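See below for the structure under consideration.
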């Protein structure tokens, strides 16, 4: 199952709720302002690193670039995908939950 | 100075930021979904009780009623005002900061 | 419910009135009821506030749509899952929520409660059983 | 600046692109610069992301408005206060921010930095000195 | 006392549009002056006459139009924000080759300078948004 | 594979409107089918032809209209949400006594049932919003 998060973890509670309710083994895609959760050294870094042991975490490349986040600043283990990869993730999951 | 907060403290970071930056002695008005911070027994109760020692905290009555929150459920010390009281608070403060 | 019925879950995470998502989300559920699918609703985070008793919008001049939740049973929307952790974080219990019921046609039309308090693990399992999840 | 000038502070608390507030907020600042008031900007919470270096929107097909911040100096908007605590929470330092400067007409047009890192207490004091605070 | 009112969100989606109206009405009832109501961001969507909300709900656009008529309020829709979102008066329609306009009674379209001017003239600027 | 696309926010204010478009385009490029694009909540505001964004910015409404033409997309604006927000086609204008309409090319106004039907027909329903 694919979960998407499009909110900054510093502004809204979407990441918290997703991590509380997503089944281990699920895929999580960070996009729009949600990509800020993927960056090293932030106040949510531990939470995201913990999540990486339960989930596969992706971040949307075009949204990282728009926000000036270079890939080397990402937490190890987070995979970058484009819109085509987003489509593949959705197609390959049985269902999608957007934590709007 | 009057600070207004219209967001739920469980959904957004507006309350946190307001309490970090508002000068002690200021007035804080909770309105719209912000009124949920005024209720007893929630996960932010301690934070709000602490705030009451530094600030005067108000909640907008019409927004409490819309959401089914009876006044007896409010944290002691929070004052309820109507739209007319909101106008008075704004008029009596030197400036207003809306933490949108 | 037909054999080809899909499982729809409407996840409500927003408080009522501050934004319109709760009201317009409810409109989807009511329309959807005519399509003979397997429908349930989940109330998570601030979504639990939608079910708060005693809403009165007279002074704020908005439309009070809370009575509509009582109609859900008649539309055969009978599974309203409320996350226990979300209630607790907000200092609420089932007593704070509206009493919502439905008549169980498979059990001599007995009146039964629609609200079911579930913990996070149960909600996770429920989500995994769905075909379509709509989040407001 | 006239004697009757008011002190305006534009408080930016949102990330760029996810919503339009940053872009349209900047448009207010640029227009406001023509009114000869005492203007400053504050960057708090996700607002600090607006000043991140190296923004490139080609693949997301949005308008990259970050170059506009470089024009602020020419509009005599020279006080950009960035909250230290907000940077730290996001694992950022001044090195991550665009280099924004202005020419100080009171000091032989020397080029000086517009960004000033302030702590929460300093920002509190600055807010208390304003006449008008606009929050995006 | 002179209030300036800034509305940043459209009708119905966010309560901000309602709160702005209720505040404005309460301020007028108390004898205060409203320098201007400025609609910015999605707030410009409060200025369309094409809404038809359900009959058992409030009509946010008409409420503003009526309050403006009664108190000679200056309701200003930001032109730049309106162009992005499709709020158009007769002049704007002509200027951009549109074959229709949708501005509501009592609203006018003008520049962002009107917001700054409102901030200068008003004793208090009140912002309502998301 | 069949995708259904739900758009819950208007153009420009939230990136959701852009993400929905970029996803839809990418899905089509990969040979997937788009059952329908349904515009709900403020998302209905994507369906007005009266926008004139700055020339150096993308035109979100036209992007949808052009993509719809190219791929015969079904762009549906929810009637109830549209009535609250003032998105109107010729029929709706007549029905509610409005003297103008503003629907953009390639969009049609219809009921919420089209959203449910899209959820039933599509293999995946993708929601984009705030």
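Per-chain residue numbering starts at 1, and chain names A, B, C, D, E and F are given in the order in which the chains are listed.
Throughout what follows, a residue touches a chain if its C-beta (ideal position, glycine included) is under 8 Å from a C-beta of that chain, and two chains touch if they have at least 3 such contacts.
Because the structure is a prediction, the values reported are computed rather than measured.
Novice: Can you name the chains that touch subunit A as well as subunit B?
Specialist: Where subunit A and subunit B share a partner, that partner set is C, D.
Novice: Through how few touching steps can subunit B be joined to subunit F?
Specialist: Counted as steps through touching chains, the separation is 2.
Novice: With a step meaning a move to a chain it touches, how many steps does the shortest path from subunit C to subunit E take?
Specialist: Minimum number of steps from subunit C to subunit E: 1.
Novice: Counting residue numbers used by both copies over all numbers at the interface, does the subunit E-subunit F contact come out same (over half shared) or different (under half)?
Specialist: On the two sides of the subunit F and subunit E interface, the residue numbers are mostly the same, over half being shared.
Novice: Would you mind checking which chain's C-alpha centre is most distant from the centre of subunit C?
Specialist: Farthest from subunit C by mean C-alpha position: D.
Novice: Could you find the chain whose CA centre sits the greatest distance from that of subunit F?
Specialist: B
Novice: Provide the C-alpha centroid distance between subunit C and subunit F, rounded to the nearest whole angstrom.
Specialist: Spacing between the chain centres: roughly 27 Å.
Novice: In subunit F, what residues contact two or more other chains?
Specialist: Counting only residues that touch two or more other chains, subunit F contributes 8, 12-13, 15, 22, 41, 54, 80, 84, 125, 127, 130.
Novice: Scan subunit B for residues touching two or more other chains and write them down.
Specialist: 6, 10-11, 13, 32-33, 62, 82, 95-96, 98, 100 - these are the residues of subunit B that touch more than one other chain.
Novice: Quick check: what residues of subunit D touch more than one other chain, meaning two or more?
Specialist: Within subunit D, residues 17-20, 45, 60, 62, 132-133, 135 contact more than one other chain.
Novice: So which chains end up touching which?
Specialist: A-B, A-C, A-D, A-F, B-C, B-D, B-E, C-E, C-F, D-E, D-F, E-F
Novice: With touch defined as at the start, can you tell me which subunit B residues reach subunit C in the complex?
Specialist: That would be residues 6-8, 10-11, 32-33, 36, 39-43, 45, 61-63, 65-70, 82 of subunit B.
Novice: Which residues, counting only subunit C, touch subunit F once they are in their complex?
Specialist: 6, 8, 20-21, 24, 27-28, 31-32, 34-35, 37, 132-135
Novice: What part of subunit E is in contact with subunit F in the complex they form?
Specialist: 10-13, 41-42, 45, 48-54, 61, 80, 83-88, 92-93, 96, 98, 100-102
Novice: Which residues of subunit D touch subunit B in their complex?
Specialist: Answer in residue numbers: 11, 13, 44-45, 85, 120, 123-125, 127-128, 130-133, 135-136.
Novice: Please give the residue numbers of subunit E that touch subunit D in the complex, ascending.
Specialist: 6, 8, 40-41, 80-81, 84, 111-113, 115-117, 119-120, 125, 127
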